[in-house]
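You will see subunit A twice below: alongside subunit B first, and alongside subunit C after that.
Entry: the complex of A and B
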């Protein structure tokens, strides 16, 4: 039943000397990536910029402490308060968590409907979803901004506008993720046999009980994968956050971008910026390290029409 | 316990008619088998009774009460699915207790009930395991326990033995029959295995193409098949049926290879009134005997030995009779060689004649 595909995936595809060649090639290809990331991460813990392996440096937490104190420049002048820095991290979490919640709620229910119900335009709209997924978010910005501007000016009182902009950026960013999430989750729902749901109905439950107690527990891996993708999308997003959040509301992405773009790069102390960058990358790195197998299963098992 | 009644029930899936205008009475407290080949509509019929499907037309009554529009959870039924449909993320205990938990029964009551039913089905040592850690037979018992724990008024079983190996199937078959008798519960059992249906059921309902072919007690259905389908579906091996010429010149007779059969009484009259050139002649393999010289009582046919299959308790001899393969169950001591000429003897009252067009048994028309 569920998860049978997992065992098939665990066996090595290539064995013997061929596997060494394969690992060598993969290492070579990913070397630039590994170098860039390790340069960033090591620099954030170093007393100087570690741009090549021959740089001598001392290990220190000073950059991280300085970052949280808001001391970004070489002169250690306090540009932001700790509160502002925490606020900015908090904003990032709010956007990421919000996107996750909206994507999960939207895609789990629609994927269930796509998997379980028959209705007009079911096949057609499924294909349309795929098309929507291929549509770049940037290309939609003008239209989305128009909606944002008119609703904001017409219906939102000035004191609620910050709240509305958060609400809007979460909704807009989530809607970019929902089409693919529906496809992923539909594949998982398709693997849950009908009889399990009927069983709950026979046992005295409602359709909703069946969804919660028999179906959801079995599609947990899919839900987890979709949640991770959505969280990362919200956490990393730059363009939507930059356009829709008011200038005084930063996330990690817009904060770093702001530092690099405003010409303060010359005055910024780069090891401190490396700490900010590492923090920004942290969820991505952690998720991909700890959920490799889950993601592999999602991509191989979840994507079925 | 309740009786179940279907009144002119039809179920369509798109243009496919799965169940066609079925009238059926399922007696209270008895074991009823719905028997038919795959695609005959028997499982659809079961799901209609369960409330998983809504009938396109017709009514379903429980003890005279109309339940046609009730949801499964409002019908108080237990159902054992063919694949058991155990909740894979729940332990056996939680699987069995699930219906009671949904009904919001007190914890102590649930615990008592679960242990009681588990002890009855001898799975009390498995309560801490997950379904994936159980054998097929054990999973089947858990599914049965889950269906029975809420004391349903009807127990529905959808081919519950088909996923088990042959030995276990025989064992559980008799256990299940005994369990039903002990509980006195109304049970409806779907199967494609005619021996299972005959062995377990008080009432057998034979279904094909969404239409009930015959219903009755196992003996009745076996001895007096209403039509060619029932005769050739029930029995192992099933009844031998082949076309023969009719001769109405002196008296109504059918011409057999090496002999002829002239029925008496009502059967003769019906054969004559039918007025057709050929009819279908049939008999059950165990009703015939084989002889090296023709006997002069009963119906005699000539055939030649095609194969001989000794099964220990009996020998199945396949014979070629006028181009048709015919099976006869012979005593275990039977010997013979291939292509040997033999005479098949069938007692007159065991012979069956069917209308070649309607395929109805001439003996039972009227």
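Entry: the complex of A and C
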């Protein structure tokens, strides 16, 4: 997709000692980032906060063990049970998986329509999608919460309310990803040659057959990219989960938020929070390692029509 | 195929997205606008049908013009948006140039490194900067400055009253800049990548220095992208509030010196105040500004020209 022509033909523009200086400057600029992330990850395996290179520490798994046992204070009092901690992780997975499913279901067929069909409002609604992607989320969330709260109080029996809040938070959070996902997927559909579907349609197949059996298998990388972005969006969400889920249904995000929000700091023990944070960061790191090129290319493709 | 059939076909394919967008964009927008004309507080939904005309807008105007916190919110918003924008656009350009001219393997490493903040869960990103700016000698920044002898004792960087307002402002600009800078980097980098290699080879053969190539080929080439990224980032900075929420909520920065207009909307609606009427009025203002900036972006993108016609429709 992005031509790598430059490097193959002529090598890097800057070479020799100058390139070392440039890389040195880049490293220096990146230093806060490197320091901040290594503080988190190393501290999770240490007996103290490893905030700088001069700290002496012992390697230990105690923070991870304490986190999974729910011992979140310096006095080793059990604030949560292991079951509750696992439940939080489970909730985070449920929201992330739900968001992925809704985003894929909500964007794949539309992206196909934008890539392949002519209809009134096509261009206009494509513009609208771009505007919606940049829409002030905070203005939406006031309205979305009002709708949620109104329907919850008026129509949902108390025993179904937790289920309803999960249902709602997944749909609401997924919707934020729909406009960009349609754009990204449309880009992938645009690159599939038309002849394949043509032959399906000529043979009397329906649009749906053409979409499902001829085109969809060819845009697997696009589906994968959108699925990864959607999963990470659901996985990382704090604001929606915090507002919509009842207080007894925590995810890793609201758990960390609850420990650090003003006032509750005394009970939390920072290295244990580092273990929670590192665990929470894990899927992001894994996706990074395994799908780096796909992520970079999809992100740069977001601009193109 | 007849037009009617065709339309229903397209509608069928578009239906899931139409439902989601109607339910979670269009309807909430109407509801938010509606609330801005009601006295809604503490989510007392019976108040949804009471009307106060423009009372919320008047209260908002009064807050901004006469209340010290109101003008502070405006000031913080302007400082935050202007400086973070500069960081995002110029930083993104510099990162793109630097990673473009060096060896591909090293370049990929740096581009991925700078992408990490964008992909990091909000709570983890907050946690990281919580440790970094922590007010004890164990905070990373304090530890370094103490070691270098630049300070005698640790400081709560974002909340110490002696250092406000620029300390808190610097932190919100810094933390949001780290997230935002990768957008420009990616866009500019892929713009450079689309340059024909022959052009660069010709320039090199003619003896152009790297600096001349950057100055006379790369930057002019990215001019359109610069405008696009500037407007698009301006829009996203005006409306962004999630990272600020964490910084303020965890007292990494002072509550008021970290509150921009967008975060003010959120805190009014969901914080301790819970004045949804006022929050909705402030949100409507944000929507108007956001829509204008969005339309401006579409014009700059020359949207009509870059949209492909659908392929092979019958």
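The rule we apply is simple: the second predicted complex is superposed on the first by the 263 of 305 C-alpha atoms of A that agree within 3 Å, B and C clash if a C-alpha of one lies under 4 Å from a C-alpha of the other, contacts with A are read in each partner's own complex, and residues count from 1 in each chain.
What we mean here is this: contacts are C-beta pairs under 8 Å (C-beta built on N, C-alpha and C of every residue); 3 or more make two chains touch, one makes a residue touch a chain.
This structure is a prediction, so every number in the text was calculated from the model and none was measured.
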item	value
Partner chain in contact with A:28 - subunit B first, subunit C second, else both or neither	neither
First, second, both or neither for A:140, with subunit B first and subunit C second	second
Partner chain(s) touched by A:218 [first = subunit B, second = subunit C, both, neither]	first
First, second, both or neither for A:202, with subunit B first and subunit C second	first
Partner chain(s) touched by A:277 [first = subunit B, second = subunit C, both, neither]	second
Superposed model, subunit A: greater residue contact from subunit B or subunit C	C
Common ground on subunit A, meaning residues reached by subunit C in one complex and by subunit B in the other	2, 198, 201
Complex contacts: residues of subunit A adjacent to subunit C	2-7, 9-14, 18-19, 22-23, 25-26, 30, 32-37, 39-40, 43, 48-49, 51-52, 54-55, 102, 105-107, 109-110, 112-120, 122-123, 126-127, 130-132, 134-147, 149-150, 153, 171-172, 174-176, 178-179, 182, 190, 194, 197-198, 201, 207-208, 211, 232, 235-239, 243, 252-254, 256-257, 260-262, 270, 273-274, 277, 280-281, 284, 287-288, 292, 295-296, 299-300, 303-305
Subunit A partner contacts - residues on subunit C that touch it in the complex	6-7, 9-17, 20-21, 23-25, 27-32, 35, 40, 43, 45, 48, 95, 98-104, 106, 108, 110-117, 119-124, 126-132, 134, 138-140, 143-144, 147, 174, 178, 186-187, 189-190, 193-197, 200-201, 204, 210, 213, 228, 232, 235-236, 238-239, 241-242, 245-246, 249-251, 262-263, 265-266, 269-270, 276, 279-280, 283-284, 286-287, 290-291, 293-295, 297-298, 303-304, 306-314
Subunit B-facing residues of subunit A, complex	1-2, 193, 195-196, 198-206, 209, 213-214, 217-218
Touching residues (chain side subunit B, partner subunit A) in the complex	47, 50-52, 71-73, 77-79, 81-83, 85, 87-89, 98-99, 102-103, 146-147, 150
